[in-house]
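One structure is given below, represented as structure tokens, and several questions about it will come after.
Going by the order they are written in, the chains are A, B, C and D; count residues from 1 in each one.
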């Protein structure tokens, strides 16, 4: 390879890196900034007990058997209590597609973290309501 | 190996905990800086996927296959779906065929972008490792907009696809494609133009196409030798829309060593593959026909399958990815499913490819073959 | 592709059959052919493939457990020039059936044969490197992919999938 | 007097008491005076060595401004600056959370690393393993006292052979790297140690030959002399090739990016520094950045005219501005290229750097003799 063409390539590369130094970085400032999640994001579930008819289609559709159903614990006339085991769940969305009564949805909340494994099994009380809004933008801007 | 060399050789485990050995272990016998023997060991990623497939019904099976290689999720899950569609003879609507092909080519682009970063990181160049990963974020946003998950997309099912193209997704798709195209000349300078990259990858990991085929290599490692071996043209699948696009199989002819390929050719080959993938996407976008995205009777047909055997194959980013399926009469699960990944050949090829090269070249040779442990360990 | 140099499925089938009469062939859709080969003649058929098809790609070798001790070994070869897929089917009987190794003709099959040996218990004779490929050492004698291998099916009835016949009886968890 | 005074003369004894008391008093006073004098001598000694303005200013310069504290603070700034710059080049943010722009991140890292348990591997040689990192940092920090930060006042030492002494210190660094790799007992660190030594042989000779140019033009071997010789024209203008070869050879001998074989993390994990954890890791990590800073300071002193610069700024400030620019260029070059194999490093250093360095020295010699105007620019009579 000609010595000077090699030198030319090196300076071409240095020009690219030099120009990159003064550009705005791409990454977010995570705990305070986050990207906007699309509405189809498969995050944690929400179980609408009013529409639920305890047909157990979601339990049968789940590939990793992460949903356990308790038929006796009724709030309305035909519904049931669902226990989501988030240590097993792979967020594949088959349960929400199997549910014909619009009783099961995904939410864009994707950062689930708990102290120990038992808390990751979301019982009927935790699965119905969303305790905090998804991690949208809040707090300090560019640092 | 003659005994006197071996007695002063040093055995080094490029082991499972090594920084750039993502979960595979190779025992290298070094004499000085030269590798004398290379003994690859598989098995650190084994999740017994084939046994698991015997307990999954035909809508859940593609999830297992998709986790074999998450970088090209659309391509990895497709062999299972092709096999099930062959046995159950469910017909796929036109719109779903085109959407599948678009998403598979986008997944190929994403897998190449990821491999760029990984290969440069293995070469110790973190600037060019992170730049392709920034563009990869745009493709991942498009995946999430369409299917809801960045990697485990589980997009197509036997009989069609699950999610429809929304206009917001079309905007993201165009943004990802444009972003890739206007960064390409810059990447060519940084990658192919860089003298240190050429120094590290010229005549490294050189093999002949005949020897490559004997090892079982397929895909880019063979196309880099100049043989246009591509399943999209050789064995066109009736449920995909590659025939609606006029494109050429990208090959790399290196005049110095005509039917051989080294690490530099394989990198050039992946540049061309990415360009062809983008070209296919751009030709297909205007041709998306109207209609429903899944055969309405698909659920009923794929619940229980008749007796039969089928062999679903797809041209993955790393080579021929296939699944051989055997089903029992009216059984809900597969009787036997054999997953054949392309990387089982590339990891095996190291046995004869690496001896003779230097210790620092081992990671370059293996990186250029684009290894993914999910395929050989299953 | 000029048709003279390429072999299509039926001509290749006839070519193999008149060389080795015991082989019977069954054409599949597209340019694919399946040859049922007796276990003793496997090496001859594979050498024919190696000579006739110059760019044969050894895709895979794998076993299928048809219950009560008869197994099936399937070899798959793909050729790009002739667009030809050859699938050899070998049926074997007995607790640990024997078959010769073909990995000196196609080195690519070496790991596939190792996997068949450790998963199904089919002994591959004069194999250069008969160690375990994927399994940990404790599963040496246990052949997991056999139908008899007992896996943990405690939550299977919740999924509503009828347990696959034949049911597993021994091996695995409570071996 | 004759005979013995047998009788005790009580009144003579009584008259002697005040004289005896006076004797005792003088004796006690002698002791106190001795102690006080000793204290006073000690204070005087202190005054002379420390608080006397001349010596105090020397101590101030040696310990505070261009000396130890300044260098260590500059070292911490250098690590922060490198991490922030790497971040920006790789399109991400550098350290962000602690301090306004991640400034306190370095102190947090240092405290965390010091608090961490320093594990000594089994088959490592124990006391050698504990001693080498400290020795390495000392050897790399010592040459900073010969750097000509300022002409008239703000510099520490100026020997007539300070250039040779600096390189004497720096040749010890690869020996310690080799020893550290050998002593920490693991295969990967052994390979890393050999590569570090190999790297140094490749880069040492081109670097030293490319310093002959400035020494030749300045006519003296002391860094201060070379800096003073550049009053009228910077040697970078006269010896551009030497500047380039010195920079490349410096990068090779430090062992950072393009010549990264000793610490190639994708091949031999972290090279000879694999086994060091906790405080040992901090010392070796800082030693690498100190070496980078030292080489950029040398470049500024040898080629960019050291304190010569904007007249209204004091000398040291000029030096520091040029030092920051050189350090920026050091980091930029080291994050723009893939890693070279070990034999390629030796191949390039011997095949390309060495002849280039020699070429420039010869050109400089011929230029002095034949170009009429050039000799006038240089203070030809000794340093």
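Everything below uses one rule, namely that contacts are C-beta pairs under 8 Å (C-beta built on N, C-alpha and C of every residue); 3 or more make two chains touch, one makes a residue touch a chain.
From a predicted model like this one, the values you see are computed outputs, not experimental measurements.
Student: How short can a path of touching chains from chain C to chain D be, counted in steps?
Tutor: 2
Student: Report which of A-C and A-D is connected by more C-beta pairs in contact.
Tutor: By number of C-beta pairs in contact, A-D is the larger.
Student: Let me spell it out: compute each chain's centre from its C-alpha atoms, then which one is farthest from chain A's centre?
Tutor: Chain D.
Student: Taking each chain's centre as the average of its Cα atoms, which chain lies closest to the overall Cα centroid?
Tutor: The chain sitting closest to the overall C-alpha centre is B.
Student: Report the inter-centroid distance (CA atoms only) between chain A and chain C in whole Å.
Tutor: It comes to 41 Å between the two C-alpha centres.
Student: Quick one: report the Å distance separating chain A from chain D, using the average Cα coordinate of each chain.
Tutor: Averaging C-alpha atoms per chain gives centres 52 Å apart.
Student: For chain A and chain B, let me know how many angstrom lie between their CA-based centres, rounded off.
Tutor: It comes to 26 Å between the two C-alpha centres.
Student: Can you list the residues of chain D that touch 2 or more other chains?
Tutor: In chain D, 89, 91-92, 335-337 touch at least two other chains.
Student: Hunt down the residues of chain B that sit against at least two other chains at once, touch-wise.
Tutor: 56, 127, 134, 194-195 - these are the residues of chain B that touch more than one other chain.
Student: Return the residues of chain C touching two or more other chains; collapse runs of consecutive numbers into ranges.
Tutor: In chain C, no residue touches two or more other chains.
Student: Chain pairs that touch, all of them, please.
Tutor: Final set of chain pairs in contact is A-B, A-C, A-D, B-C, B-D.
Student: In their shared complex, at which residues does chain D touch chain A?
Tutor: Residue positions touching the partner: 85, 87-89, 91-93, 96, 101, 332-333, 335-337, 352.
Student: Across the complex, what residues on chain B touch chain C?
Tutor: 42-43, 46, 48, 50-51, 54-57, 209-210, 213-218, 227-229, 234-235, 311, 320, 322, 324, 326, 328, 331-333, 335-336, 338, 340, 344-345, 348, 352, 376-378
Student: In their shared complex, at which residues does chain B touch chain D?
Tutor: It is residues 10, 12, 18-20, 33, 120-131, 134, 194-197, 199-200, 358-363 of chain B that touch chain D.
Student: Please name which positions on chain A make contact with chain B in the complex.
Tutor: So the residues of chain A in touch with chain B come to 1, 6, 9-10, 12-13, 16-17, 20, 26, 35, 37-38, 40-42, 61, 63, 90-94, 97, 106.
Student: Which residues of chain C touch chain B in their complex?
Tutor: Its residues touching chain B are 30, 32, 54-60, 62, 64-65, 74, 76, 78, 80, 83, 85, 87, 106-112, 132-136, 144-145, 149, 151, 153, 156, 161-162, 164-165.
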